[in-house]
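Look at the two complexes coming up: subunit A is in both, with subunit B in one and subunit C in the other.
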Partner chain A sequence: MSVEARERRQPWILLSPALGAVALLLLLPLVFIVVYSFWLRSAVGPDTVGFHLDNWQRALTDPFYRYILLNTLKIAAITTVLCAILGYPAAYFVARSKGNKVILLLLLMLPFWISYIIRTMSWINILGSSGALNTALMTLGIISEPFRMLYNEGAVILGLVHFLLPFMVLNVFVSLDGIDTSFEDAACSLGATRWQAFTQVTLPLSLPGLAAGGLLCFVLAAGSYVTPVVLGGPRDAMFANLVYEAIITQLNWPMGSALSLLLLFVLGGLVALYNRFLGLSQLTRGLG
Partner chain B sequence: MGWNLIRVYAVLVYLFMFLPVAVVVLLSFNASQFGAFPMAGFSLRWFVALWENDAVMRAFRTSLALGFLCAIISTTLGVLASLALVRYRIPGRNLLTTVLIAPILVPEVVMAVALLLFLNFVGIGRSFIMLLAGHVIFTLPFVILVVQARLVGIRRDVEEAALSLGASPRQTFFAVTLPLLMPAVAAGALFAFTISFDNITGTLFWKPGGVETVPTQIFAMLRHSISPEINALGTVMIVLTVGLPLLGAALARRLAMKSGVSEPR
Partner chain C sequence: MDNTKRYERLLERYRNGDLERRSFLGLIGAAGLAYGVQTPFARMAMASDVSQVRFDGWGGVVSEAFRRHAFDPYTEATGIRVVDATFSGADEYLAQVRASSPGEYNIAHLSGAFDYARYHNFGLTSELNLDNIPNMQYVMERLTEVYRTITPDALSAVPYNYGTTGLAYNRSVISDEEIREKGAGILIDPAYEGRIGGWGEWRTRIWYGALQTGQDPNNIEDMEAVWDAIRAHRDLALNYWSSGAELMSLLAEGEIVVTEGWSGRIAALQEQGHDIGYYDPPNGYGWEECLFVIAGSPIEACEELLNFMLAPETSIAVAEGQNYPPALDPTRVDLGEKVPTLPAFDPTGTLEGLTFAVPEYWNTNEAEWSEQFSRVQRGF
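And now, the complex of A and B:
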């Protein structure tokens, strides 16, 4: 074999284990559940193989499923907006601050290293009936009975914002960090106020980062399973809870396949839309 | 005016981010019977209780074994793929990258369902093997992104110098490339370990009955109520997942300084 031919084959040899793993453990399984979603669950014995539209019909028309889907998207949207409002100024502070770089970097990365389940359950200590807030309010004499703050939609949104905020901060930071500050100075020297310089120069330039952070927050919020179980009440189920219910509790795997694909299509549609206008590379910049 | 306002706002946002976690750590040293305020003095009893809790210790062993194996496999696959993507001109590079980071783009629940049903179909039920497969595929994109970012910072000419001085490609890899690559490998492995150690959603779908990892153990314990023991477990996890990367970063920096490579930005 010539040296050139070997040189050409080399990268594919290096790539093949990773590509093989993704193909075998993600792509093929996704194709498989597409097929599976057309099968039928039978009361006894194995699922009925075939081409049945029943699961899809139910997934798309059942009012309960539709309600949960819309509610999930609503919760994800509120979470995303709150993350943007809280995260943008914080990211701006880190990007433009002249303080200790190591500490600022820690502020960006540290939240990622703290476990999701710990951060979620930490709110029980704060909001619970004998949690920090209720104890403080009762000690101050503002309330006499513990105030019920847990196990509702607000607590779920709070938990999701707390979990997803670092994704927003990091993405906005990456795009702000790439903007030359002399642009703002130039705008100011041409007569713009600081605020005008920000809204007309910096903010538009940082929109790709904001959009990347927003997409991540939305997709991760809409797919969350643990937060609604830990912080929500029985009526605050989100779509991933439906999927878990169908697959693990009811063992209705064909229906579970259809439901998870529905979630994939809705969120995948968003990612595709994002890719069409902004490109996926923006999304991975923050992670590198 | 403006900058001070932003500073105060940012401080408040970071308080929101860290205060609840600080409360977990604080309450884990609470001597009181119940995991709540008011504090009743300092005590390590809940850490002792953890140590004596068989279910928790079993979960720890499962999580550690899973994390280590996942880190080894994921880092091996990720480093090889990153080398190919950074060091060679290959057609369809963007498409390949998208395929390799696809596990980040697919919602975790969907990935969990697909893997569970597919592996079950080919005869692998909910088991440690399924957990490991799931964790590897879930951590692989992160490893690839981290390693790639570091690889770009390693200069090619050092390798070329070794080759021109008569070293074989294999010798060059082990004597030059790999030592230079070590910080990237370490960073990737650490990343894979902590992500695997933290994973809960996929794990809930893939784990066999009766087997728990630390996060699913906490999740199961939360069904009853919050207890000081859970807070103590949380504290241990924070120390592990925050302390390890910090230690790793410090080590990587020392290694990098020793080998004379400047930290890639």
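And now, the complex of A and C:
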């Protein structure tokens, strides 16, 4: 075998474990889900095998699924905007701090050491009728009866922001950290105020990081399942909850497959749009 | 005969001189070869060796009671380890079992009527030899009747306990007189808006919807009225709980003042000193649970464990731990002092006072009702 041929094969040999894992654990199950989505659920017993478009027709035309999908996208969008508003100043502070960046970044990573479910459930002890906040407000005489803060859409968004904020901060931080601070100084020396220097120099340069953080937050929020279950009320469901119910509660695996693929296509379309206009390279920078 | 003892039996025969050394080694070698030629998948399919049996249950105080009073003594007596796992819901568990290899899951603590029928429909029933479970003689006949209508030739489960899903209420807010007067209707009483709870499970919601509209839950004639009652409850409820632990937490912390609840969990709350009342309204929701042996399991080892668990001393200890009356007939077995005081306990052994769901009726409507409930829950 020639040296060229060996060199051509070498990357594939090195990549083969990863490619094998992706094929086995991602692509193959996805193929199963695609096949399942064309089957039909029988009233009792095993599903009806075949090529039926019924599930897809219902998933695309039923106003119930459309409503939950749009509501999911709305909650994800609000969460993303809040993460951006809260995350950008934090990331700016970390990026511009001198000497203690490592400690600040470590603090940012601390929440990941605790289970996501535990972090989400902790809000029950804070916002519940007998939680810390209500107890404090009643002790201070500000309110006489517990204020209802849990089990609504606001609590779901709060839980999602709590979960996703570090993703936004890290992405924006990576972007801001790469911007030379002398750019702002140069703008100021040319007569700009600090605010103008920020809005006209730093902010535009950090937008790719903000967009990458936004995409991550949006996709993760839109696919969220646990937060609405723990912090939402009876009505507060997101699309992933419907997938769960179809597959687990209703044992309707074909419909659940169609719904999960629908969510995958919608979110995949958003990622494709992002890649078209901004490129996914910024995203990998943020994750790196 | 217990397969796990095969090696010991051969060894004993060899040591007693009943078996030649050559034959003994040959048989051990053959067993080794048979083991060796199995693929990893085949081993999984056979639920590995019968040195262990997997049990899946509800967790919490129920699981603790099983572990302490049944599994540990069983392991000590037989050498067979019980792998004790927990599921959060029967639906989720069925999905896992459907996706598993035969033998991966062995015994589960399931709903005696609904799940028995559902597992049968998916071809997941096994055939128990009741001669190997002599303690079945103590079990109330009424509890096995429903299984025999589904699998007339052989049982795939033994009844283990029963209970009710009645009304649980905070007695500092709601009096015993008020709960008796309003019955199931208290769950749609606007006076308690934001302080009402409920299990987010379609069967329970529909059952209580039927009671709230004055209908027979096993023969609902006006389904639209039931959906309206469910909508009313949804709008007044703080939240739907999804587990026994969440139910207990919501009641104990005063987040909700009334909900329907599982009798054993409410008894546990009362034991902890919480002033929570429990009331079974007329036509309240009675249910039974069974120990179901899933197809592909090592039947002999499972039968041995079931017999051990049905032994009166074990059954009573578990019942006292989990606060649900055992399936044992109180006219044939002395159930001690605590069991007769448990909610839902029937001293006659006939269970005539409880209303059970008719599985054929509910399972026939499952596809339609479970999906419709999902929509109603979300405001449709």
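The rule is short, and it goes like this: the second predicted complex is superposed on the first by the 276 of 288 C-alpha atoms of A that agree within 3 Å, B and C clash if a C-alpha of one lies under 4 Å from a C-alpha of the other, contacts with A are read in each partner's own complex, and residues count from 1 in each chain.
As a convention for this text, a contact is a pair of C-beta atoms (placed from the backbone, for glycine too) under 8 Å apart; a residue touches a chain by one contact, two chains touch by 3 or more.
Everything quoted here is computed from the prediction, not taken from an experiment.
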{"item": "Contacts of A:195 with subunit B and subunit C, given as first, second, both or neither", "value": "first"}
{"item": "First, second, both or neither for A:122, with subunit B first and subunit C second", "value": "first"}
{"item": "Which superposed partner A:151 touches (first subunit B, second subunit C, both, neither)", "value": "second"}
{"item": "First, second, both or neither for A:172, with subunit B first and subunit C second", "value": "neither"}
{"item": "A:233 touches, of subunit B and subunit C: first, second, both or neither?", "value": "second"}
{"item": "Contacts of A:257 with subunit B and subunit C, given as first, second, both or neither", "value": "first"}
{"item": "Which superposed partner A:41 touches (first subunit B, second subunit C, both, neither)", "value": "second"}
{"item": "First (subunit B), second (subunit C), both or neither touched by A:248", "value": "both"}
{"item": "First (subunit B), second (subunit C), both or neither touched by A:69", "value": "neither"}
{"item": "Subunit A residues touched - subunit C or subunit B, whichever exceeds", "value": "B"}
{"item": "Subunit B and subunit C footprints on subunit A, overlapping residues", "value": "128, 130, 229, 247-248, 253"}
{"item": "Residue numbers on subunit C that touch subunit A, as the complex places them", "value": "89, 91-92, 94-95, 98, 118, 121-123, 194, 200, 202, 234, 237-240, 242, 253-255, 363-364, 366-367, 370-371, 374-375, 377-380"}
{"item": "Residue ranges of subunit B touching subunit A (in the complex, touch as defined)", "value": "2, 6-7, 9-10, 13-14, 16-21, 23-24, 27, 34-38, 76-78, 80-81, 83-85, 87-88, 90, 96-111, 113-119, 121, 133-134, 136-137, 140, 142, 144-146, 148-149, 194, 197-198, 200-201, 204-205, 215, 218-219, 222, 226, 230-231, 234, 237-238, 241-242, 245"}
{"item": "Of all residues in subunit A, those that touch subunit B in their complex", "value": "10-12, 14-15, 17-19, 21-23, 25-30, 32-33, 36, 86-87, 89-90, 92-94, 107, 110-111, 113-119, 121-126, 128, 130-132, 135, 162, 165-166, 194-195, 219, 222-226, 229-230, 240, 243-244, 247-248, 253, 256-257, 260-261, 263-264, 267-268, 271, 280, 284, 287-288"}
{"item": "Residues of subunit A defined as touching subunit C within the complex", "value": "41, 43-46, 64, 67-68, 128-130, 148, 150-151, 229, 233-235, 237, 242, 245, 247-253"}
